[in-house]
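Going in written order, the chains are labelled A, B, C and D, and every chain counts its residues from 1.
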Amino acid sequence: MTKQLKIATIGGGSSYTPELVEGLIKHYDEFPVTELWLVDIKAGEDKLNIVGALAMRMIKKAGLPIDVHLTLNREAALKNADFVTTQFRVGLLEARGKDERIPLTYDVIGQETNGAGGLFKGLRTIPVILDICRDIERLCPNAWLINFTNPAGMVTEAVLRYSNIKKVVGLCNVPIGIEMGVAKLLDVDHSRIRIDFAGLNHMVYGLDVFLDGVSVKDEVVDKLTDPEQTSFVKNIEGIGYDPAFIRALGVLTCPYHNYYYKHRDMLEKQHKEAKEQGTRAEVVLKLESELFELYQDENLAIKPPQLEERGGAYYSEAAVRLITSIYNDTCDIQPVNTRNNGAIKSLPDESAVEISSVITKDGPKPIAIGDLPVATRGLVQQIKSFERLSAEAAVTGNYDLAVTALAINPLTPSDTIARAIVDEMMEAHKQYLPQFFK
Amino acid sequence: MTKQLKIATIGGGSSYTPELVEGLIKHYDEFPVTELWLVDIKAGEDKLNIVGALAMRMIKKAGLPIDVHLTLNREAALKNADFVTTQFRVGLLEARGKDERIPLTYDVIGQETNGAGGLFKGLRTIPVILDICRDIERLCPNAWLINFTNPAGMVTEAVLRYSNIKKVVGLCNVPIGIEMGVAKLLDVDHSRIRIDFAGLNHMVYGLDVFLDGVSVKDEVVDKLTDPEQTSFVKNIEGIGYDPAFIRALGVLTCPYHNYYYKHRDMLEKQHKEAKEQGTRAEVVLKLESELFELYQDENLAIKPPQLEERGGAYYSEAAVRLITSIYNDTCDIQPVNTRNNGAIKSLPDESAVEISSVITKDGPKPIAIGDLPVATRGLVQQIKSFERLSAEAAVTGNYDLAVTALAINPLTPSDTIARAIVDEMMEAHKQYLPQFFK
Amino acid sequence: MTKQLKIATIGGGSSYTPELVEGLIKHYDEFPVTELWLVDIKAGEDKLNIVGALAMRMIKKAGLPIDVHLTLNREAALKNADFVTTQFRVGLLEARGKDERIPLTYDVIGQETNGAGGLFKGLRTIPVILDICRDIERLCPNAWLINFTNPAGMVTEAVLRYSNIKKVVGLCNVPIGIEMGVAKLLDVDHSRIRIDFAGLNHMVYGLDVFLDGVSVKDEVVDKLTDPEQTSFVKNIEGIGYDPAFIRALGVLTCPYHNYYYKHRDMLEKQHKEAKEQGTRAEVVLKLESELFELYQDENLAIKPPQLEERGGAYYSEAAVRLITSIYNDTCDIQPVNTRNNGAIKSLPDESAVEISSVITKDGPKPIAIGDLPVATRGLVQQIKSFERLSAEAAVTGNYDLAVTALAINPLTPSDTIARAIVDEMMEAHKQYLPQFFK
Amino acid sequence: MTKQLKIATIGGGSSYTPELVEGLIKHYDEFPVTELWLVDIKAGEDKLNIVGALAMRMIKKAGLPIDVHLTLNREAALKNADFVTTQFRVGLLEARGKDERIPLTYDVIGQETNGAGGLFKGLRTIPVILDICRDIERLCPNAWLINFTNPAGMVTEAVLRYSNIKKVVGLCNVPIGIEMGVAKLLDVDHSRIRIDFAGLNHMVYGLDVFLDGVSVKDEVVDKLTDPEQTSFVKNIEGIGYDPAFIRALGVLTCPYHNYYYKHRDMLEKQHKEAKEQGTRAEVVLKLESELFELYQDENLAIKPPQLEERGGAYYSEAAVRLITSIYNDTCDIQPVNTRNNGAIKSLPDESAVEISSVITKDGPKPIAIGDLPVATRGLVQQIKSFERLSAEAAVTGNYDLAVTALAINPLTPSDTIARAIVDEMMEAHKQYLPQFFK
């Protein structure tokens, strides 16, 4: 008789679900899941049914004994789950659209997880996550909560500080994307590359890069700064950094660093894109509707390749390698969002950091790095301050804190603009922010 | 017989010197200086003679037995000095003008001690200060180095990290100005106000404010955010902060915080001023020439009141209260730039911080604050990163580091603009930056 | 009309009370107390009446308008108090006698505040102190709790960790005794000496010693190690240290360090004294009964000189200088037990330490020392571990923790002896340890 | 053609060498060593030849292409080595005998790596190790130094602080012994057990114990305290701890903890053994002479089973698994002595700690634990203080420091006894302590 192994996926109607299902199928030997519960809210019922049907077809085609359950009943989904994954979006892409559009009208970056957009996504999401945590305590206290919901750093910070759940990991596909990019840059298999990651979610640095265990960081940095290498370099984000800058910085950056290290360029780019092709949310909305069109095809029983364009490259890979390593106590090294525990000296022990960690059945154990390089320490501290104030504002509904969280964000041009943006966005997202309208 | 008590003032030809002399006269009882050596470079000889003659007239009028020496010989001035004060400006106001003008052409803040201007002032000044430190080691190893030369935080950091001098204090009139402003705001005598300062030079916060030992921080913050109080409030900088922001920030800011918390407004203001009245350097140049006109009046034997407009309010007060407290082991509390020594947890022990300290004959002893409030921690860390990279670039002549120091500064819009500004300013200040042109 | 200024002294029947009263009389100008409430328990009523009557005679003789109240009603005493001082002894000298005698039968140091004695004094005292804290919260939430009750370090730790009272200071006369000893050793007035103290209560070190602000540490250490200076040196404890040891240690020790650095000698001495003259409790019992004999003399209206032999030298001085500095926001430096707040790096921020602090109306502000010298760091950490486990055992009544607290104490020869001592003392003090006999 | 892979073993004439050779043979597939250089000093030439001949016979029997070189020329041995292992003993067992005997005459523990014995072994060994480090810099700068020479913690500390060698790991068989003991206690295969180790060499704790990734710490502690389990429990040291103590301590101890937690018993045991069977050095001397008798047997071509009694159980296992993991960048977790790097908060970043680390080709990366449990923190800090003072004394030849290192050690009864022991041992070991007799 098979031992039960149950996954509950909150926001199961997401277009990403086939990614997850593909991963579960591929790694079934190491991680023999018996039940997959996809749960969503009423508003997402149609999408849940479409993507759920595709999931069932995929599993059937693979010939695996995994029961798929589709439900709007979160309690039923959570009951006795072993792993809970979250990939929901409060307010859907419509809310994301506002996160992107409104700041731009103030000539301020509008982005899903950074600046004003990140703040409001956090304000909408954190109360829901904490509510899920209370359910987990009650219904599946031994489950691991694997959070993919953005802003994943802020959300993980909030769970660590404001819930009783200790078994939480925040996950992002950015680090694995950097690994893949470096592998391509060096033209070697991905398995031969190891990167020492440290920082925060969407603000993670590669402190060193190893090929078969030998540091090749200088070589990678050289390639990144060599104009002749341009053709290869497009594989890894960060392209375009000034060579003097990246040499002295001495670490690999992540794509989101562009919002800070290339602030003015990114702002211009956003204005241009918003005008010409729509913001990212608007582009994704179209992509998603095409994807769900595809998903409805009853002959489709694999993850359609078009999903990759949606932006979730390696998402399945990252998710399933984390879950299987926890399940099997593999003790391999993966970059995840977890409690700092002293691994990065200038950040609080109890804060969430994104860092290379040993993945055990007892959770991720971060590898001590001493401290971040001086050149990177300030920006990381600033974003952590932003995350902490945002999380506290989300929990308390304290308006002043929300304004101040935004005012101290490096993407914000002034306190008064911060307040104006907060006021407009607070109103725009009112229905998802009851804590501020008591 | 009087014990010798010798002060050497490097950059003695500065227009500020009458401030210092006034302070020495006023506090002669507690600090019976016997020799004041004003030393300057050849290019400053005329100003030295003018201001030196005024100093002599002031002392004569006061009837005090202080010998004033004017010299271009730094060795003679330093020999056996008890206190060395530095108030020189490498490249004079002309260089400052470039620090202000060039960044503005890139639509970037141009300011003496912040951003690109601060970086280049540091690059020019630090090698000279370290050279003075080597002289001090040789000629007056027991002297205290009291540094007023800006950027005072970066300079103090450099002395602590790259010289053998341990007896150094960096001093600024910003904290005392905040105290005076709060006293006026509350309409009480300055002596009844005590503020717990912590942070960095030109990025210092008032963590708490006490009137006769009782916290009145909330009252002060309320007044600062109350539009009806405007008439009083002009006495303290920071006016104009959004009430929600300043309430949740929960600390007093310093005037220079405007460059960060009101970045866009300050940039607009700089453009406007540069166009209409000239940059600050240009204004000061005019003020200075008027001042030296006044100083030449042989009937003048006091500090002329016009000096206050120059910007050095309370400079004399701050300088002399520090020196007399060291001399007399007074153990009173003053905000100074000194070695952190664990007083602010998230900054390195060995870095310079600006913090309320007990002033003893053995130097300032910083009072432990635990850590800065979360909302302020990020910006402080970022400026400390900037200061450290700048200081290292100044010492090593490493061009990449100079670019990166500027690129990570929160006032800089991108790495490529950082490089362009560095290139143009490096060329403009070439004669003062031999370390980069070897 | 005089503003009310009320002190409540818990354990007011103590033989030390005349010390306190003398101090209040002497410093009345700076600290114009209007009401002194001496409160004690039923068992101490007679002593309370005797010492209370003496207090009244002393105040009358001084001609001061201080009302003295004697009461067994703690609530009445605490109501609206401005300062609460505690100097009680749970179980009286009889309990102390057991703390000294029982460990000795295991060939283990028996001492009031160290090792097994310190543990059991803590177990008896901490619940009572926390009960007083709950009363303070209710009856005089703005009062300062000045704790003299031993083990003062452990008690302060417990108040900081297990009560809601933040306005607490632990006080001991050891540091002032060292200052006085050094002054005599150098034959200078006490006011000219300043010592940088850091460590824990009864484990405090003098990191540096200043005469008129100039370090004389090396001279003091030399004198302490110079056999020819013996006649002077008896004024300061620590005499007898091996010169090589004290030179490399490089700091001044306190008398209680002898239990650790001269463990074997002290144990022999205790055996000898217990045999020949009785333990300290037994000696003190006799002294106290003589003192109370004196106190009953209706012609006595001053603190009798015999009180000094009781061991409380400078107790009055230390207590009143602390209280008046808080009251007047004096900002002078005093060594007290307060929250570490980062002042000593290798100890937790939230732990009690004994350290030179600036005394303000807002409480003591510890001066950052960086970290303790390497040679002293281990022992301090060990005693802090002992204090924390003891405090936790006192609060929780966890027997295992009590055993372990003693087992890790450096004076304890083994875990099994720790347990045997705990078992015997638990039984001996049973009536004062209800938390362990539920 | 095979790539060269050269090991140089300093102290190659040690009786332990067959252990190492057995490990190399067993793991040849993963670690294809081509050259093994056994180097010793003139005084050890006979033993080198005996054990070297056995090594050659073992390798020949295994049919492996490993060249064994026997030499007295350290330079030749080190030249281009990939790994340098050290297992020498300055002064041989004769010196160890003095380390054990002399302290006992003062009624003080005499032990190879603890207290006075540990101090003097450090004083003799550290200058030799630092000399080897200088050779490594010159002759094989890319080699890893794997140090087995005791006191391994103090030696690793000294290399980290006083040499330029960064590629150093200190290794001990205590942690692996604890793992094996726990496996036997639970009657499971060793590979299923993982222990989170943290602390110092010979003062390491098992913070948690996992069976197949699930914590079984409570079960292990219960078994250790259950008298009925005695028969199993003898497999793991620490048996005999008082149940209350070990429960509240909440961690696994190592055998050497007995010297501290059972100080009195261990001292009695040492007196008894010294009287009845000789100290450990004396016993080992006999064992060694029997071993070398065996080793000379030309028919012997395996590690003789009698070697296990010598005390080096699992030594081969620990050594070879470390070396092969470095060589192959295995990234598995092993407990080693390495730079703390923030992994244990209350110890300096730059100090050596013994801690579970990820073993990479770039060296061990310690896993952050936050801080040690409160109950264990003090003793660890104390031993680290002892190690640091001892290492500094070894390097500087500062006599006062040597006395103070011993005086602050928890096994030492007083400063004057510390000095007496130091004086006697300094004389006894004079020929190996030139730094103190300049």
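As a convention for this text, a residue touches a chain if its C-beta (ideal position, glycine included) is under 8 Å from a C-beta of that chain, and two chains touch if they have at least 3 such contacts.
Protein names from UniProt, one per chain: A, B, C, D = 6-phospho-beta-glucosidase.
Everything quoted here is computed from the prediction, not taken from an experiment.
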**OP:** Give the chain pair, either C-D or B-C, that is connected by more C-beta contacts.
**Re:** C-D
Original post:
What whole-Å value do you get for the distance between chain C (6-phospho-beta-glucosidase) and chain D (6-phospho-beta-glucosidase) if each is reduced to the mean of its CA atoms?
Top reply: 44
Original post:
Could you say which residues in chain B (6-phospho-beta-glucosidase) touch two or more other chains, in rising order?
Top reply: none
Original post:
In graph terms, with chains as vertices and touches as edges, which category applies: line, ring, star, complete, or other?
Top reply: ring
Subject >> Residue ranges of chain A (6-phospho-beta-glucosidase) touching chain D (6-phospho-beta-glucosidase) (in the complex, touch as defined) >> reply: 194, 196, 208, 210, 212-215, 328-329, 331-333, 340-345, 349, 358, 360-362, 365-371
**OP:** Please name which positions on chain B (6-phospho-beta-glucosidase) make contact with chain A (6-phospho-beta-glucosidase) in the complex.
**Re:** 241-242, 244-249, 261-265, 346, 374-379, 381-386, 388-389, 398-401, 403-404, 407-408, 410, 413-419
